[in-house]
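Each of the next two complexes has subunit A plus one more chain, namely subunit B in the first and subunit C in the second.
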Partner chain A sequence: MEKHEPQLTRNQVELELKADRSREMQLQLTSFALMIFLTLIAFGAVMAELMPHWAAGGFLIIMAIVQVYLQLYMFMHMNNKGNTWIKVMMALGIFVALTIVATLRLLIW
Partner chain B sequence: MGTHTMGMPKKKTGIMDWLTTVDHKKIGVLYIISGLFFLLVGGVEALMIRFQLIKPMNDFVSGELFNQLITMHGTTMIFLAAMPMLIGYMNAAVPLQIGARDVAFPFLNALGFWLFFFGGVLLNLSWFFGAAPNAGWTAYAPLSTVPESLGVDFYSLGLQISGFGTLMGGINFLVTILNMRAPGMKLMRMPLFTWTAFVASALIVFAFPPLTVGLFLLTFERLFGAHFFDPAAGGNIVIWEHLFWIFGHPEVYILILPAFGIFSEIIPTFARKRLFGYTTMVFATMLIGFLGFMVWVHHMFTVGLGPVANAIFAVATMAIAVPTGVKIFNWLFTLWGGKLTFPVAMLYSVAFIPSFLVGGMTGVMLSVAPADYQYHDSYFVVAHFHYVIVGGVVFGLFAGLYYWFPLMFGKQLNEFWGKIQFWLFFIGFHLTFFPQHILGLTGMPRRVFTYLPNQGWETMNLLSSIGAAFMGVSTIVLVVSIVAALMSKEYVKRDVWGDGRTLEWTLPVPTPEYNFAQIPLVKGLDTYWLEKMAGNKTVSVSEEVGDIHMPNNSILPFVMSVGLFLAGLGFILRLDYGTVGLIIALIGLAMTLFAMFLRSWIDDEGYYIPKAEIEKDLRLEAEKEAK
Partner chain C sequence: MGHHSVPNNPITGIPDHVEKATLEGKNKYVAFWFFLGGETTLFASLFGTYIGLHNSGAKEGLRSYDIFEMGLVFIMTMLLLTSSLTSVLAMMAMKRNDVKKMKMWLIITLALGLGFLSGEIYEFNHYYHIGHTFTSSAFGSAFYTLVGFHGAHVLFGLLWISTLLIRNWNRGITVVNAPKYYVSSLYWHFIDVVWVFIFSVVYLMGMVK
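Up next is the complex of A and B:
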């Protein structure tokens, strides 16, 4: 006995695709708003002068890391499949850059 | 596929075909030929150096010319001979080994070659201005920032231009290897040369940017009055050393890894055995590439960075000996119990193992930071890096040349003369560089243009120079052998070695421009060998015969590179000739920008080779095989 998979009609496929796209769009808009909000916080934190300099610096770096993550994963589709090698290469690049910067920071400046 | 409106373009012939080609096989040939040319140039420089040092107080060349010779010898051999020849082999073999019809970006590939070529020409043009670079191939500041010596400008701009080309090559091969593999060619089924090409490309992508930055700083310091390396103006000379070696050490692995790959192809072929420990070979390659970024300070142990920095980098350096040792044992175990034959390619591969091992051992000695204070700046270091670079990389280049020459040119190098060439080179190499260990340990400093008698250095220097003459004769034999092979009318058959294991040997000779009439289906590591063992004459295919999409030839890469060459030359001449130089520079930049504009503006969709044509080729090939 052959088992029959439920056949999707062309219309259904198109509808699914449309729904996917609108979900994607929603995600993009949400993350866009989130990023603007985060940028405002970062600016605000410095402008309001609530923190001492060293704390503001650290805070900015944390915010920057969050931003890079959001940009890469929400905007630039890093969460999609088939990006493994891009991730590996980026991780390597970050690692190499950090090693170099850390060494030079300790040895020169 | 239906009918295509894009017809076959008119075939270009002769020199125009070579200037406009985007075919990876032809670009590979261009890389090899120009690499060999620069190898000869660097070789002549080496012979002059050794002739000067043949006896104490020799006056064959002046101290100034000697400085130019050692600088240009190092720079030429690394950037213009070894690396281009390896990239040439990557072009010639990698797309064929992974079952692809071309590289991912054929236009970029051509651009990469022409940039390297014109960068090299610009660098060597300095001889004709009587001002070759003279600050050593490492161009340490502040020696390299002395404005009077015009030569370093040729160094910084020539290397910058040729570095752009190398970077493009690296990006191209990463994408090609990741995206263009035939069905079934999983990562862990890739031939080891492809793997090493992949890791070396990744190293190029990460290591060349620091060089680019360093060279830009140097260029701006010299041509536009910046003060990055000028302590009086708040600069720091050690920045150059760091930037240079952050690039320079991975560069060593960019050279040696593909050479390892070449040996890992040749040894299994002529041992008729699968490569021992394939998986560990792959991981050792990755590990060497990864660790290669964490050891650059071992070139700077005596700068005075402190015991902590020296200790960390010394330990990291020693760690690299582990994966390299794994590779040595794997090659030995591949040889073990194999049905060995020794054509020249195999002779070089077997000779490589002990020769490179000596270089590796002295490397571990040098990595001991306190001891390095003793070896530093002596001939011991010269002996060490020539043992790894000649005994490793150059042996690899020659082995690859004998092995893939039939693939690239359809003809074979003479084996008899090849063996003579091998023995001359092998003896000459050890005779040249082994005595230099002793010279170094008895205190002879490197980079001196002469020395006094009665210091116990005469005999070893004489031996070393005699060895260099052996290598010189060997190279002449090689060149004659190459010319003779190219002139001969004797074409080889498919799978010239009879025991080819990888996909490149399944192709007809000469390889058609589309490589594979049908993309193969890969069934495992050494898929051709597997098919042979299953009694098949050729490999399975994964598609029907059909139209094949090909990229169009283009002159634009050549024009862009000539433009950058003129721009570089103009900016150098600006210092001495003022406006004339500036005009040349502007014309050059305009050429490059205009060519880039044309490239973006004109839609170039390539063309299709019709199915009928490919069926005809297949029929002819079948008739040839039947004979």
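Up next is the complex of A and C:
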């Protein structure tokens, strides 16, 4: 007996497409709201002088890393399947970047 | 180049991942990420230099916390962040073959980017007049090199997206032009990624005494 894949009607395809789109839209708008929120916290904490000097750098860097993660994984879709090479390249880039920043930080006084 | 094996989606009339429907599109996509990996290291060298030379040789009254205009920087940040979202919306419109909406979102992206760039030009001009220049101190050199290099990326992004829009103004979305739009939007997001580190490391950390 031959098996037949159930043929999706045009209507079903359209509904699926619409559901995908609204899911994607929701995801992107949520990411954007989070990015704005993180930015507000970072600016607010500095302008209101809420942080002791020693904590400011670490706090701001963490805020920046979370926001950049959202930018790369949501806006730029780095999480999509088949993006292994992209992840490898960015990981290499970030590794070299950290080495450069650490080196220059220690080298210049 | 027009030949591709990926079938059109019956509803949208273009392939589902139109930016990666051809070998050329796929290659552009991967190669552009390779380029962004390289850009990461390039900006890292400028950030490292800036961190090392922060306030170095700057006179009293011309240190980072004396001169930075945080209100303006905040507005510029919001403009660029929003332009990153409108660029996402443009690419979503592209994928559903809605060329009108795509063009509209790209034009809004350009307007926001132009607003950001105007803010930066105003800011640099202001610093120049109070004595913080490229040659006034090691701090000045490092500051203008890092922030100016980012500003140059914004300018290049504006010219790139405008050129694509003008060249393809009367064309629909095809497997040929979709990868071009797509990588330009990746570039635009990357500009925002760099700016996140600039407003955090240069401006916000610069305000902490």
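In this text, the second predicted complex is superposed on the first by the 109 of 109 C-alpha atoms of A that agree within 3 Å, B and C clash if a C-alpha of one lies under 4 Å from a C-alpha of the other, contacts with A are read in each partner's own complex, and residues count from 1 in each chain.
The working rule: a contact is a pair of C-beta atoms (placed from the backbone, for glycine too) under 8 Å apart; a residue touches a chain by one contact, two chains touch by 3 or more.
These numbers were taken from a predicted model, which means no experiment stands behind them.
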Touching partner for A:50 - first (subunit B), second (subunit C), both, neither: neither
Subunit B versus subunit C as contact partner of A:101, first or second or both or neither: second
Which of subunit B and subunit C A:68 touches, first, second, both or neither: second
Subunit B versus subunit C as contact partner of A:19, first or second or both or neither: neither
In the superposition, subunit B vs subunit C on subunit A residues touched: C
First, second, both or neither for A:41, with subunit B first and subunit C second: neither
Contacts on subunit A seen with subunit B and repeated with subunit C across the two complexes: 85, 89, 92-93, 96, 100, 103-104, 107-108
In the complex with subunit C, residue positions of subunit A that touch it: 10, 13-14, 17, 21, 24-25, 28-29, 32, 35-36, 39, 42-43, 46-47, 51, 53, 56-57, 60-61, 63-64, 67-68, 71-72, 75-76, 85-86, 89-90, 92-94, 96-98, 100-105, 107-109
Residue numbers on subunit C that touch subunit A, as the complex places them: 9-12, 30, 33-34, 36-41, 43-45, 47-49, 51-53, 56, 70, 74, 77-78, 81, 84-85, 87-89, 92, 96, 186, 189-190, 192-193, 196-197, 199-201, 204-205, 207-209
Subunit B-touching residues of subunit A, taken from the complex the two chains share: 85, 89, 92-93, 96, 99-100, 103-104, 106-108
In the complex, subunit B residues that touch subunit A: 174, 178, 202, 205-206, 210, 236, 238-239, 242, 246, 290, 293-294, 297, 305-306, 309
